[in-house]
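Shared chain: subunit A. Partners: subunit B in the first complex, subunit C in the second.
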Partner chain A sequence: MLEVKDVHKKFGRKKVLNGVSFTAQKGDITCLLGINGVGKTTILNAIMNLTPIQKGSILIDEQPQSPDMYNRIAFIPDAAIMLPHMTIKEAMAFMQDYYDVWNEKRAKDLIRFFRLKTSDKIQDLSKGNQAKVSLLVGLALDVDYILMDEPFSGIDIFTREQISEVFSSHLIADRGVIITTHEISDIEHLIDKVVLLGDGVILKEFYAEEMREQEGLSVVDVMREVYNA
Partner chain B sequence: MNLILNKRDPIYLQVIQFLKQEIISDQLHPGQEMPSRRQLAQDLKINPNTVQRAYSEMEAEKLIYTEPNRPSKVTEDPILLKQLKSEWVNQAVKDFVNAIRTVDISIEEVTTMIQSEMNHTQLGG
Partner chain C sequence: MKKQLIHFIRLVNFEFERMIKFLFGIIAIVIVSNLIGSIIVPLSYMSEARETMSLESLNVTQFLEMYPSFSISTVTNSLWIYGPLALGISGFLFYSIYIWYREWLGKNTFVYRLLMLPIPRIFIFFSKLFTVFIGIFSLLSIQYVMIRLFYFISPSLVSSDLYKQVDVSEVISSHRAFAFLFPESFGLFAGLYSIGLVFLLVLFTGILLERSFRITGFIYGIVYAVISLVLIVLPSFIPTIFKNQYILYPSEILLLIIAAAIIVSVVSIFLSKYLLEKKITV
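Now for the complex of A and B:
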């Protein structure tokens, strides 16, 4: 389990996270949901220890953050074009040299799954295919948790569909996935848990299927209630 | 496999309904291996945990059974299958009666219409 406990974060005098707490289980797809600017990316950065927090703690399987955790968590940032000057094939070889936890078989499965051509240069790919490469690089690591920042942003509907299919596949296996997004309707039926964020705080945390079963509400219904839109 | 999901009903219940229909219409026949949970999740584009839940419920209802380390299979129990079919038809009849309950029409007329529709459907395959 990944636990975020009472995390506070300021940029200068501006409070970005104001006591954020939630959990994400292994085997679950947890979705951090909220409009742009509520602190979704900052939370992921805090989990990865890429930005210092002022207060609170983050536990990974009950252990505090440590250099060792990078063998257990992969972070797929938004819009970062990884290794742009390389072909996909070269990038895969590079990753294999660089990471002990690189799983070559899964990488090949993913290339097939995403229908990518390994001789293509990454910088020449469409935005959708570049997003697939970023996902591929993260998913091919044998880690327990995968964080994805806005994996669907700025991507056409067909590529979105292909990417979302990854979530029901063996390529995710029983790992814990945390994704951030501001657009849920495409993937409502794929996610387990929803964490709704307002300005630097958690407004609601719930399992989507429980909400449907107990209240007869879709995720979007709950969002409408919570955000009072 | 094609299942159009609505967003407000629990997905595992929608999956169970779908699978029951597949069994009733013999798309999945008695004793046939069920798709793996992962495979069905991918075919229906849903969360594997949801399929797991649907399978567990169907196992509890004995509509599918699982021997250790084997894929789940559709029940071969004729009584259960018959019961499943009659429950399904019962529900359809209830829905139908409910839908026409405010219409001024005699039971004879309705019966004739059902008869003709059934003939028509059978002829048309």
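Now for the complex of A and C:
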């Protein structure tokens, strides 16, 4: 289980996270939702120890953050994070060099799944294909948890569909996923848990299926209710 | 432990590969400029010597009584050698800063990947430090080879009457920059390059302070650099401060400087480790 406990974060004087606590289970897809600037990306960065927090704690399977956690948890940010002049093959070799949990077979499966050419340079790829490379290097790691920041941001509908397929495939099975997205409609039917954020606090936390069955509300319906939209 | 060492070596190799274009560019400039200098300087010396002898009706002996002879030092003291050397030094100073900032700048934020590697983050710090040092020593080695090469090129372009044989150690010791870059004794060599190492450690710590706390961090970085500098140079001023030049032996002052440099280095490494682990932000 991934636990975020009472996390506080300030940028200068601005409080971005003000006591955020939630958990994400292995095998669940947990979606962090909220309007821009509520701290979704900051939470993911904090989990990955990419930005310091002022207060609170983050535990991964009851263990505190450490360099070894990067062999248990992968982050796919909303930006190409391999060097632009690298070919996909070189990017894969780089990952293999450092990660014990790099799964070459899965990487090759992903290359086929996303119809990528390993000889292509990352800088020559479209934004959609660059997003696929980011997914490739993240998903090819045999980790327990995967964090994805806006994986559908700024990419075309066909690529979005292809990325959506990933969530229902064996590539995700049994792993814990935390995702932030605006494009909720693409994956609403796949989400297990929803965490609604507003002004640095959690406004509501619920399981999507329970909400549908017990109250007959979709995730978007709950969002409208919570955000008064 | 072995795995960690392999990861570190891979990271140094990776950083070195990223530096290759810059390093080869600087090396190419040094080689080309040095080669041109080793040809142009003796040719121009000969042309000026002939002209002077003709205008002033001097024979070689009379000329040499009035004007300096040609030696390899004539080549090394020319702009053809000083120019690329200055470019190399300023280039590496720039690269020492760029080696960090490039990870944050541009569309591709590689800092995410670096910080998410399953290795101690201080490895990133040391790999960059090693890379800069490898680059500097590569450049110095090339420069040394070029000085040796001058002995095969320049003398053949100068009349043997006007050529004065000067050995390499004399060429180096009589050159302001070379005397500094290629010290004669190992002790001096170790001392000078240790100062360079401390300078880089402080610079890298300053950069990490800025990357961790942004504008406030920039101020912290400057303050840290000033404190480090004061701490290291302070022992030299002890006789002046106490208005007694016999208060310490020179060897004791040197010992204090070394102790201060070690303290600054250790603090820089631990502070950088702390910043990379706890304070750095993407």
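Throughout what follows, the second predicted complex is superposed on the first by the 228 of 229 C-alpha atoms of A that agree within 3 Å, B and C clash if a C-alpha of one lies under 4 Å from a C-alpha of the other, contacts with A are read in each partner's own complex, and residues count from 1 in each chain.
To be clear about the criterion, a contact is a pair of C-beta atoms (placed from the backbone, for glycine too) under 8 Å apart; a residue touches a chain by one contact, two chains touch by 3 or more.
Everything quoted here is computed from the prediction, not taken from an experiment.
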item: Combined model on subunit A where subunit B meets subunit C, clash or fit; value: fit
item: Subunit B versus subunit C as contact partner of A:81, first or second or both or neither; value: second
item: First, second, both or neither for A:21, with subunit B first and subunit C second; value: neither
item: Vertex subunit A; arms to subunit B and subunit C (CA centroids, nearest 10 degrees); value: 160
item: Which superposed partner A:153 touches (first subunit B, second subunit C, both, neither); value: neither
item: Touching partner for A:48 - first (subunit B), second (subunit C), both, neither; value: second
item: Contacts of A:162 with subunit B and subunit C, given as first, second, both or neither; value: neither
item: First, second, both or neither for A:71, with subunit B first and subunit C second; value: second
item: First (subunit B), second (subunit C), both or neither touched by A:99; value: second
item: Three-chain overlay, closest Cα atoms of subunit B and subunit C, distance in Å; value: 28
item: Subunit B contact footprint on subunit A (complex, rising order); value: 27-29, 164-165, 167-170, 188-192, 209, 212-213, 216-221
item: List of subunit A residues in touch with subunit C within their complex; value: 45, 48-52, 67-71, 75, 77, 79-84, 94, 97-100, 122
item: Subunit B to subunit A touching residues, read off their complex; value: 5, 7-13, 38, 41-42, 44-50, 53
item: Complex contacts: residues of subunit C adjacent to subunit A; value: 7, 10, 14, 18, 106-110, 112-113, 115-121, 212, 277-282
